[in-house]
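Okay, so chain A shows up in both of these, paired with chain B first and chain C after.
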Partner chain A sequence: MPRSVWKGPFVDGYLLNKAEAARSSGRNEVIKIWSRRSTILPQFVGLVFGVYNGKKFIPVQVSENMVGHKFGEFSPTRTFTSHAADKKAKRG
Partner chain B sequence: MAAERILVGEIGRPHGVRGLVKLRSFTADPAALASYGPLTDATGERRLELTLLAEGLARVEGVEDREAAARLTGTGLYAERAKLPPPEEDEFYLADLIGLRAETAAGGALGRVRSVEDNGAGAFLVLDGPPERLVPFTRACVPVVDTAAGRIVVEPPEETAVPPPSDEAAA
Partner chain C sequence: MARIAGVNIPTNKRVPISLRYIYGIGPKNAQDICDKLSIPGERRVNQLTDEEILRIRELIDREYRVEGDLRREVAMNIKRLMDMACYRGLRHRRGLPVRGQRTHTNARTRKGKAVAIAGKKKVTK
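What follows is the complex of A and B.
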């Protein structure tokens, strides 16, 4: 059963405060968080979080497409490796 | 600095009795494997001309029976790096990035790029260090990528930990 709409998205409160502070500072910063359960809100867009996966803090660059998802979705807890082959990476 | 040949696939087990083989493609688009021209094995001496028949199934030129196909099982398929199309602006082949020397703007060593990963939230570089670092692949954190010189300049971002409040952690 999905979460009731009247409740709004769930975000840990202390995260919201930190994100606001990071946005206003404008520094090159990675915000290390443990809260994988928090929903990504529009005010997080453009920030970089380090989301804990039980071992490491995985860098997550928040973009508009990620709004509404949870932080944990972008920080896998299991190891997956693949060959580089012809795959490319775009610098954000 | 970039490798001259890149591993793009691997020949799997034989399929049927007419020399067909299963194929494992490592490329972003599995069908792109055949478009990189004649492929070679790990030694670079044997050329392997592939014809893709279906997804994951191919015919190797000169291989007509199952025994010959079975001898190819596990053979790596390598393509010439020069055959890959040029990337767009601010786009880099992972094969070009892996192994680059990471330095700070002042010239301090940060290790080498061990891997480049992307979990759907932007690419990041894994620097072997020590200590190991995960650096977001952004212009702010990696302002210079010089594949010809074999180096990148990294400006390590500040890290701010936001742990959960102690009462929540105890719960």
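What follows is the complex of A and C.
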């Protein structure tokens, strides 16, 4: 079930301050954040966030169609492994 | 034979059933169309007058997104997710389930037919 509209989007408050500070400073540096649960707001568009995935900060350039998604969606926490490469190695 | 919404030629079935042969029209939409045009559900497509078929065609053109347009919209939505490189997009790219289902077993619809692992010995009884 989706979140009630009257509550508005969920964002950790300190992100707003961080984003504001980055904007006013004007430098294009990565804003490190741990708050993967926060919604991406329209005022974050154009900024670069380093979203923590438990190990590293994944740089995320926020574009317009990311608005409404959560930061965590852009910073995968699991490494993908497959067997495709093993086959040739074993036969050769 | 009746051509409604491009290529679809529903047969001599009842109207709400045969409308469902159109991509994008399911049980609900088919029933709604019949109700709006006050066509009784027992009528078969070959019993419809030309005028009624025309009215169905116009209604679908006006209010429903079907066939190619709908397919394109769905494909665009998936493409948007993939271009954004968000979690759901990555799952689409890999051909794995998107909505958090388990992949340890099952998930064969998304993953396709099972492929045997090379070199794995079979259990003999």
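Following the convention adopted for this analysis, the second predicted complex is superposed on the first by the 79 of 92 C-alpha atoms of A that agree within 3 Å, B and C clash if a C-alpha of one lies under 4 Å from a C-alpha of the other, contacts with A are read in each partner's own complex, and residues count from 1 in each chain.
What we mean here is this: a contact is a pair of C-beta atoms (placed from the backbone, for glycine too) under 8 Å apart; a residue touches a chain by one contact, two chains touch by 3 or more.
Fair warning: this is a prediction, and the values are worked out from it, not measured in the lab.
> Between chain B (first) and chain C (second), which does A:Asp12 come into contact with in this model arrangement: first, second, both, or neither?
A:Asp12: touches chain B, not chain C.
> Return first, second, both or neither, reflecting whether A:Val62 touches chain B, chain C, both chains, or no partner chain.
In the superposition, A:Val62 touches chain B alone.
> Identify the partner contact of A:Met1: answer first if only chain B is touched, second if only chain C is, both if each is, neither if none is.
neither
> Counting residues of chain A touched by each partner, does chain B or chain C come out ahead?
More residues of chain A are touched by B.
> First (chain B), second (chain C), both or neither: which does A:Pro76 touch?
both
> Pick out the shared contact residues on chain A: the ones touching chain B in one complex and chain C in the other.
63, 66, 73-74, 76, 83, 86-87, 90-91
> In the complex, go through chain C and note every residue touching chain A.
80, 84-88, 90, 94, 117-119
> Within the complex, which stretch of chain B touches chain A?
6-9, 26-28, 32, 36, 79, 84, 87-88, 90-95, 97-98, 115-116, 118-124, 134-142, 145, 155, 157-165
> For chain A, which residues are in contact with chain B within the complex?
Touching chain B from chain A are residues 12, 14-15, 18, 22, 27-35, 48, 50, 56-63, 66, 73-76, 81-92.
> Which of the residues in chain A come into contact with chain C in the complex?
By the definition above, chain A touches chain C via 63, 65-66, 69, 72-74, 76, 80, 83, 86-87, 90-91.
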